[in-house]
Structure formats: C-alpha cells, structure tokens
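Take a look at the structures below.
Both complexes shown next keep subunit A, but they swap its partner, so subunit B is in the first and subunit C is in the second.
Showing the complex of A and B:
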C-alpha cells in the first residue's frame, strides 16, 4: 500500500514540478486585466478611506460589503454567461420579477417563506433555461433573446403592479437582506448578505475549477474546438444562463430586505453587472477572465461611487460614470489584449524546456 | 510536378535585387535573428527553410516592414532601405504573401486586389478598369479558374491563396516573399502555383520561398538558405543538396529514417471499424474496413471528401445512410460526444480554429476531452499529463503556459496529448503534420507507429503524398465524395494522382 501511495506522491510531485509555482501564477495573473482590478480596488479603498477615515472602520467596511453583495453576486452570475461568449440582459428584470413574487406570494405568512423561496429558485432556473435554449438551439443571439426576456418580464411586472409598490413580505424573509449575526467582536455585526456573498463566491470559485467551469471557458474561447472535444456546447451555455438567473434571484432576495418591494428594484442591474464583469477584465466574447475578478469589479465600482459621493459628486452622475467606465474598460482590455498578441514573441521566447524529461536524460537540458 | 517542367537556368549572373547583411532582431532581450545575411538575385527562387521558431517568419516580417530590425542593413538593388510600415515595402517593390489571408470575404477578387488603390475616374472608382486590370493580371499569371468579379467568399481556400499571390504581384513587385504558400493547396493547385512561380521567374522577379515541404523546395528553388535558432547555418545552390543533407542542417542532427519503420511486434488484427454503404450530402457509397494495428492513408484532392469522411466517422457531420460497426458492434456516430464515448479520436485539420483553445493553458487543453466527456477521470488524467508530454517531447515553459505561445509543432503535440488521454481505439488524423517542423513531424510519425503497435487503428488524411505512401499500410484515394480506389504503399505518387484526378479511370486500359 505504501508503495502505491509513494508512486501517487511522486506523480503529484512530477506534476507540480512541471507547473508554475503559485507565486509565479499570482504575479502573471496580476499583470492581466483580471488581476489588475484587485489593485484598482485596493487603490480606490485607500482613496475612500483617505477622503473619509471613518469608512475604514471594520464595522463600516463590513456593512459596505453587505450593501455591495447583491451586485457582486449578480456580477458573478453574469460572469458565467460572458465568459461563455454570451450576454444576459434579462438579469435586472429577473431581480424585479423575483422581488414582485416575494412581495405578493409571501405576504405576512411566515410559513410561506420556504415554499416561495423554492418557487423563486425554480422560476429563476426556468428563465435561464429559456434564455439558454433559445440562444443555443434556435441560434438567436443572446443579446436579442435576453433583451426580449428583459422587456417581457418587466412588462408583466408593470402590468401586475400598475407600476406601484405592492405587497410586503413577512419580516422573517426581509431579515435575509437586512439582518445579520449580531454581537460579533470588532465587526459588531456580520450581515447575512456578506455570508451569502462569501458562500456564492466560494461556490463559483469551486465550480470554475471543476470540469464544468473549465469546459465553460473553453467553449467561450473556441466553441468549435470545444464541440469537437465532445462538449455539449448548448447545454454548457444553457447552464451558464441558468446560473446567471439564479444569481439574479439571490440578489433579488437580498434586495427585498433593504430596498423593499417596488418595480424599480433591479432596474439597470444587468448593466451594472456587465460593467462590473468588464471592469474585472473579463473579455466580452468569452474565454478569458477570472470569476472573482468579476466580483472585485463590482466592489471597485461601488467603491468608486462611494468615493464620488464623499467628494460631493451628485449621485445623478452615476449612470454617466458607469457608461464611461464600461467603454474605457472594454477599450483598455482590447488594447492590452492586442499588445499581448503583438508582443507574443516575448512569450514565445521565454525560457522553455522539455516537459517532464525522463530522469536518464535529465542532464540533457535544451536551453532557450 | 517534375523538376524538368521548368528548366532552371543558371541565374548566377543576374543582378542582386535584395541584399541583407548582418540582420539582427531581439524581442525583449532574446535574440531571434542573429547576424543573418542573404542575397536574392533577379529571377531566382530562394528557399528559406528551418524548423518552427528558427526565425523565418521574423525575417520575412523585417523585410515586409512589419517589424523593425535592431541592426544590419537591407538593400534593394544596392540602395539601402529602412521600412517602418508595410506600405513602404510595397511601394519599393517588395511584396509578402503571409500565411494568414488578408482578404475581405464579401468583396470581389478585383476589389480585394486593388483595395485602397482602386483605379479612379474622377472621384469614383472605375470598376470597369479595375476588372480589366485584374483580368490582365490573372491572365499574365496563367490563372483561368478565377473570375475578377467573383466574391472572395465563393472561392475555395486554395483559390484565395492564389488571389493573395496575385495581389502581391499586382504591386509590380520585384521581390515576393511567400510564407508556406502551399499549406492550403493540393494537387493541381500546387501545379498552378508552380506555373505562376515559373512565370514570375521569367519576368525576373526574385522569390523568397518559405516551406516545410522539402519536395517543393527542391522542385522550385535555385538556392536554399537554412536557418537554425536565428542563424544562417547554410546557404547553397539547391543542386548541391539532397533531402538528407537539408534535414541534417535544419535539425542539426541526422534523422536516420524520415518515416519510421513499422514497430516490431505490430500485428494487423481483426477489423475494428467497418463502414458499409454509408453516405451523406458530401459522401456516397463509402465502404471500408480498418483493422487493429493498421494505418490506412486517405489521399485525394482538396474537396474530394477526405475531411468529410473522417468527420462522418467522428460524428461531426454524420452519415445519413449506411451503417458502421466498431469492434463488431453497431456504431452510430450521432455526435462527436458519442464517438468519443466509443473512444474514437479526431485530430482536426486546422489546429488553431478547431483543435485548441488558444487562450487556455497547455494543461487545460490537454484535459479538455476528459473534462467534457469523462469528467470523473480528470484527476487521473492530470497526473498522467507530465508523462504524456514527456513522451511527446513537448518543449514549453511549463504546463501553465498558454498554447497560443507555443510553436506549431508543440501545439500539435498538445492536440495529440488531449486525445491520448482517452486511450482511443480508433485515431482519425486529418493533415497531422501540416505546418509543423521536421522534428515534430517525426514525433507524430513515431507516435502513429507506437499506437499501431498497441493495436489501435489509424486513419490518416494527408495532402503530402510521400507521407501517405511512407506511413500507410494501405492507401484509399478519394474523388468527388467516393472512394475511387485502393492502392498499396508501394504505388507511385503518379498512380495516386491519376486516381485522385480521375485520369486513370478515363483512360481505360488500352
């Protein structure tokens, strides 16, 4: 037994020797737009704290994370779709629809919270399924499919509500968005949205390391090649749309907590999520970018808005700022990308060597 | 395609039109070209060979003004030049035909050729003059199969390549450099290219010709310059070299057997794949049996249905009639996924657009098939990866390097590795050695022999006849979606071509 364990150990060791070290990978990642967003986020945080030192207090920071959680979760959902080479514009309307469902079906009855939660997840998955199947099987560009879905859902909600706030879910449900674990040392409170965000991010990170996640990126990079490796491209992409709608559902559940029930909740969420993803260095068209960078993009965006707020810029500028960011971020990513390609020779001529040379010819190093 | 078709006069006395000396170029501190010198004479075809990464492309790009040299001089007919933009090179009479096409698919042949310098009458484009000039140009080159008014998207890949060459000629170029112009060509199109080059020579144009196909180099070139690791390791008249000496210069070591012998102990066994009366829109009446341990080559012209045949067996473009059996059991390749579940592998013709996710790492690419179809085996395959890459002799920074930064040969090995991960029973190879260097070619051949020895069945499509004849146990020749006939590997290239072009069936035995 120990022999096979040894052999196993050796095989892992050989594998490790032929991969980049964790430090190298981190350094290389930081040089990509997907890594750069973390540096941007840190710089913005420092700027905000400089403008308003009280923002840097732990309790204040954790509340900020809680406030940003829904958009960060939505950005993670949007990431799955964008990295597979598609768009999900229906996200904001899914949030609105879910807020409406929660507000009207739960009412004051605590006993209905769990069944309605279940229904909301089924509804979210269903919307994603429709988006995905129409995009992949009927070959309608996802831009159009999800735009149609966005308008259809919004229209239904507006019809049902007459455009006004209706319904008010039980307080136990609203606690998901506004409550938290109290009496925590240092932080005072850990809001539930923070916990939901951490769990979502961890799950997303795990999923992107699974065969599904790697296949999703491969599909976004080159769907023809992925299809020829046996990937069911339609199903891989459809699941990404379902993940996106489900994350919009989670965002909606949190938003009911502090935003309440109104047809305007969730409006513009798709664009904020796309801006966050793009700011996270995820390439539109797919195949590049890291899932946590999308979340970091959301935090960077919200931090920027906080900074502008502290600097006395009126919040009505928010849309304009977001619009400029989305253009600049896409342009910057395209430039970096082209520069990388033009400078491709630099990588070609990095020191290379035979992969896993057998020990007997280990001395026969082929240099550059 | 015989050498005698275009008698090569001695051109030693023609004037030097391009003289390069002491050319060096570094990218980020690493020297890619070191002190390269060469001379091109008017009417000379000058072969530039070397393994991938030897610096051929960089040299061409320096000449074309795409990159700028670090040191050295480039002289055109004795006058030093210093291009900072490709347009300047064109204006000076130096045109380049790159491997990647630069054509607008929805524009006509004439519009593509005269893009940006259309003949005008007043402020409007004079379409009539443009079409006439294009017609004249094509006539001069002996191209009758392409009409100036045809949209480029209606042309075959081979015809597009010809348009690219015509475009280069249209600049009144005195020097044309061509990067693997035959990579997309087969049979008669290669002959057309030969005749175009013959005509250009007569007009005194000097041609710098990059190719991996040694036969072409010897057929066409007057002088051969060999690059290795950025340096010129030899520059001699073609007549003073042969295959063996050229390969030795390129790789720096003799390659004892270009096509390795059958591995001892290889047994051709039971039929593994049987196809009966199968067909679809492109194929008809396909009958074939492929046995374990056997390598069967498929020859034929571009568009004869070779690629379609392997794609049908692989389920990428399935048969709509007929039946297949795999290891005695009914096998219906409805999709690529079903094929892979039956452990059938297809190494596609175009590795960049069909074989690889270029932005992903070597490891991710190598695991892609396993992850899509057998996700439960991912960890096992990941641990196997170093061994597989070691046996394929892949050279890279490490397994986390993105495949776009690898040379063609190493990229092809990554494609092979991802298929080896499923331990395929049937391996379909479509142009497995296109655009890769000699060393990598030999590695592919060795792998094919090793797989055959393990009892796998191999079906290989190739446009390179020496490869088909050198590697196969049997050769199937395709024509117009049918299997036109079967030949033994001892047949000559002429016999294969006769079958492929239909020359043989038409001239019934006298």
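Showing the complex of A and C:
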C-alpha cells in the first residue's frame, strides 16, 4: 500500500517536473490545428463586428449562435464518425427524412408531439445502426454504405410524399427551433437551439473523456491495434454512426422550426458538416482532433458567411470563397501536423528528466 | 471453396453484370419489350458513355489514394466553354474542344498540386475546388448558353450500328488509360503511391508525379464528358454536372468495379463493369416506368449490396510483375 502511494508520489513529482506551465500548454494547444480554429473563429468574429458593429450586441450574437446551432450539432455528430476513421454522407437525407416525419405525423395535434419526437429519435438511431452494422460487419466502406443510405432514404421520403412539401407540424413543435426563454436581462432572449447546442456539446465533451471516447479515438487511429487490445471495434464504430444520425435528428428538429417542411431542408448538410469538422482540425482518416473544435469549425464557417454578407459579396461568390477557405485552412493544418511530427523534441525526452523512476537495484517484477 | 476464393473482384463484377442482363431480360420481357433490341442496346451503351468517361478518371484518382468531388463542376464548365467558343460555327469546333480540355487540365493540375504539394486530403481539396468553380458558374452564367454546331452535335447522335460513336471514343480512351496503367512507369507508380505513400517514397518514387498525373487525367476525362453532354444538348449548361450527381455516382461505379476506396488496388476493367451495371439498371427502370424517386432507392440498395457481396474477396492488386511461382519456393523454405 505504502509502496504504491510512494510510486504515486514520485509519478506526480516527475509529471510536475516535466510539465510546462498551464499557459505554455494552452499556447501549444492553440498552435495545433484543433486549437487554431478558435483563433480563426475569433478573428472572423472581430472582422464581422468591425464590418457591422450591431452584430456585436449580445442579443444578436445569441441569435447568431441559435441560427448556427443545427449545423454545429450536426458537425459534432459527424465528428464521432470521422474520428473513428469513417464518413457519414447520409446525414443530409436523415435531416430531410426527419423533417418530413415531423411534418406528416404531427400535424396540428399537440398531443402527438411527444410520441412523434420519440419515434424520430428511434428512427435516427435505427438508421445509424444500419449504417454502422453494414460498415463493420459486412465490411463495406462507409463512404459507399452512407452514400447508398443517402440515395435510398431521400428517394423513399420523396416517393412516399410525391416530392412535395406536405403538412406543417403544430406550433408547439416548431417552437423548439423558433422560440426561446424571453425576458432575460442582457440577452433579451435565449433561444432554445442555443440551450440544445450547449447540452449537446457538454454531453459530447463528457463522452469523449469517458472510456468510450478514448476507445473511439484509438479505433480511428489504428483499428487493428485497438482490436488487439480488446476493443470491440464493430460496436464502437456502430455507436459512432448512431450518434451521428441522432445528431442529424436533433438538427432536423431545430430546422423544422426555422425553415419549415420542405424537401430541400438538409440538402448538402453532410458536406457542410464534414467541412466544419475538417476546418476544426479533425483529420480525415481518424484518430486526431477535439470534439469542440468540430463545433468551432461550424461556427467559423457560419461567421464567414455572415462576414461575406456584410461585406456585400455577391451571394453567388459565397461558394468560391468557402472553397478557398477550406483548402487554405486544411493546407495550413497539414503543414502544422507535419512540423510537429518532424521536430518532436519535447522536454520529456531530455535525459535529465526521466519519465519514470529508475528501477531499484535487486528487485524484479515478482518482487523477489 | 479454393476456386471460389480465387475469383477476383473483377470476375464478380462481370458475374453481377451477367445477373443484371438476365434479370433485365426477364423484367423487360414481362412488359412486352425486348432487352436485346437494337434500340435498347443503343440506349444502354449511350448511358455508359458519360459516366464511363468520368469513372475512368475517377478510377485513376482513387487508385492513387485521392478522390475527385469537383468533376460535376468541371463537366458544366467544359460544356459552357466549348459551346460558348463554338457559337454555332463549324470552324470553331477544334478551338472549342481544345480550350475546354485545356481549362479542365489546368483545374486537374491545381487539384494535383494542392493534394501532393500542400498535403491536403483529396476529399477536401477537390470539394473546395468544386465550390470555387460552382461560385464562378453561378456568378457568370444564369442559364444555358452557347450553341454547338451541327457537325459537333453529330458526335452525340451517330453510331456504328447499335454502338454510338461516343461509346466507342470512351472505350478507346479506356484502352489507352489501361495501357498507361499496365505498361508505363507512371501507371505502376500510381498503384505504388496509392498502396502506401511512405513506402513508395522510400523506394525512390517521386510521389508527386503520379498524383498530379492522375488528377490532370481525371479532370480531362470530366472535360470530355462535358463536351459529350454539350454535343448531346446542343448548348452548354451550368447545372448539367451537378444535376447528374456525377461525383458520387462515379465513385460508386469505381467501388462497384472492385477498386479499393483507400487506393492502390483495383482495375479499370472492373470500373467499366460497374458503369455497365448502372447503365443497365437505369435502362431497365426506364423501360419499366418506375417512379424516378424509387430509382434512387434501387440504386442505393444495389450499390451497398453489390459491394457487400465481394467486400471480402481478393482484389486485383497490380499487373503481375513477379511470377506467382516465386511465392511457392519461399513457402517450402519456411516449412
């Protein structure tokens, strides 16, 4: 007992000796692509506020966060899949499908809101389960699985509704995306999407610090090594797909309030979400990146659009600017990762700072 | 069992082609039409040509370990440039074609340089490039523009018997690319770099050249597809590429043909089989008059099921340069 306590003490001592100060560590984190996105976001925000000072008021800022919440939530969901080394292209179709389910099943009946909400979550989890099982058990590349799911799901939705918008869910349901807590002192209003986003982000952060999150990153980095250490790779990845579809469901619920029921709601969401995740410094192929950086990537993307709006850039050029920004951001990120890998001399590797106490003379593992 | 496991994915692709032909014959026959009538065969082959061009290029890019999501916009741009320069003058056909292909090649060069030089994942590099072109198209073209002269439109309309000229050009291009992949240095390097970039570099391969070559060829192929569409429509259109969903469909056709999405393994012959499967599916569904939305459902299911069928099969790795016998003595030594 005392021996282990002693070892614990030495370990903490060595950790303290080798660790740089908190400020240093923060600076180093900001230099990685996952940290850099926050600097990019702040720079863009300052630029927007410079172009249009009224944007900086708390009221309009919180509304902006509310508007961006669905894509940020979708990006968090996509993060789980990308960090495990896969893709989810079915996200946009899931959003569209959920919007149609809400429109057709809820109608004007307030009593149906909760049951249909439950059904939508079950449906979302089910789609993710299929994506995950086909990817992991049938060994079909996730790009193909989710592409097939995207085509099939969208086709089904449009076929069953004749391709036109039908139904409009009850107002109480649309309030989830539209409404908010009113009469808040400084902010005037806290939109519900902001609350949903904060809860989702906190839950995602918590999940990534749990054993599941650590395993997910290990699986994304090297799934074979993870399997050899005893991780159930298929189930870890399948759950990532379920989380992605569930987050698309949440995004869909919010979007019903914002945009209403329309077949074009959710179109292109998968690529926007992937762009946001990659902008957040998460590496395609898995194993690297922070979940909140993915959400920050979504905010950076939306802030960029707002900036272009305020600068009076023709809306048709938005695509081009977005394209340039993605390429430049990812290129910069790629250079940073490379430099890190090349010059990986940290203090821990210096001989004067041993990483573990030297073994005591005369003992071996069995303690004889 | 042993013989079954020796089936390569290319064999399975053509077994699926055969299966599709049988199912097609029965289904098309059930509505009182013939699957093998000249008109129908011509329809199917016409359907293969556009997707065929794009899928040939996409195969190269996927083999080298990248992706190309910018093809739909390259297609639209090429059709607009060609139709714009031709302006219904027969004498302008050659300049129009050359300009369209040159611009496409430049886009491919930019893609290749970004992927190989700046180390940006092909998915992002070409997605960004596609967005850049899409912004240009949306700003400068409100609708279809330009006019292809009759002599150019004939390419899309004539054929030798039931085989359209466009399909013949596509097959000839496929033959050239096949020759490049199997017989030239850069072809072998494409397989090597796609298999493992690090190992290829340490073996002394200049890894940039094959990546750039693949991207340039892919964009040129997309440019050719755009020219073909311009010949068929008679005008250039800014939405013709994105409407067709050619980026994802061509990737699906390549994977359907047995090429690994991660790169390094696969064959162009398989890709052509994948394209043929898609064309026959489309044809069967049109003849059966299936709801266009249901078509997407069927397509999605076929893609996933077909890839699942041979996901565990061996994939053609590369043209056999080292004889198989060399592995047998090695095994004997170890035993």
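Just so we're on the same page, the second predicted complex is superposed on the first by the 305 of 368 C-alpha atoms of A that agree within 3 Å, B and C clash if a C-alpha of one lies under 4 Å from a C-alpha of the other, contacts with A are read in each partner's own complex, and residues count from 1 in each chain.
To be clear about the criterion, contacts are C-beta pairs under 8 Å (C-beta built on N, C-alpha and C of every residue); 3 or more make two chains touch, one makes a residue touch a chain.
Predicted, not measured: the structure shown is a model, and the values here were computed from it.
Asker: Please indicate which partner A:287 is in contact with in the superposed arrangement: first for subunit B, second for subunit C, both, or neither.
Answerer: first
Asker: Based on the superposed arrangement, let me know which partner A:316 touches: subunit B (first), subunit C (second), both, or neither?
Answerer: In the superposition, A:316 touches subunit C alone.
Asker: For A:215, decide between first (touching subunit B), second (touching subunit C), both and neither.
Answerer: first
Asker: One more residue to check, A:25. First (subunit B), second (subunit C), both or neither?
Answerer: In the superposition, A:25 contacts subunit B only.
Asker: Look at A:235 in the shared chain and tell me whether it touches subunit B only, subunit C only, both, or neither; answer first, second, both or neither.
Answerer: neither
Asker: For A:126, using the defined touch cut-off, is the partner it touches subunit B, subunit C, both, or neither? Pick first, second, both or neither.
Answerer: neither
Asker: So in the superposed three-chain picture, is A:271 touching just subunit B, just subunit C, both, or none of them (first/second/both/neither)?
Answerer: Once the two structures are laid over each other on A, A:271 reaches subunit C alone.
Asker: Under the stated touch criterion, which partner chain does A:326 make contact with: subunit B (first), subunit C (second), both, or neither?
Answerer: Once the two structures are laid over each other on A, A:326 reaches subunit C alone.
Asker: Can you tell me which positions in subunit B touch subunit A when the two form their complex?
Answerer: 27-28, 30, 32, 53, 58, 314, 316, 335-337, 339-341, 346, 348, 353-360, 362-365, 367-373, 375, 378, 382-383, 385-387, 389-390, 393-402, 404-407, 418
Asker: How about subunit A: which of its residues touch subunit B in the complex?
Answerer: Contact set of subunit A toward subunit B: 8, 11-12, 14-15, 17-20, 25, 210-212, 214-215, 217-218, 221-222, 224-232, 287-288, 343-358, 366, 368.
Asker: Under the stated contact criterion, what part of subunit C meets subunit A in this complex?
Answerer: For this pair, the touching residues of subunit C are 114, 118-121, 123-125, 127-136, 138-139, 248, 251-252, 255, 261-262, 291, 293-297, 299-301, 303-304, 307-308, 311-312.
Asker: Looking at the complex, which residues from subunit A come into contact with subunit C?
Answerer: Counting only subunit A, the residues touching subunit C are 89, 134, 138-141, 143-145, 147-156, 158-159, 163, 271, 274-275, 278, 284-285, 314, 316-327, 330-331, 334-335, 338.
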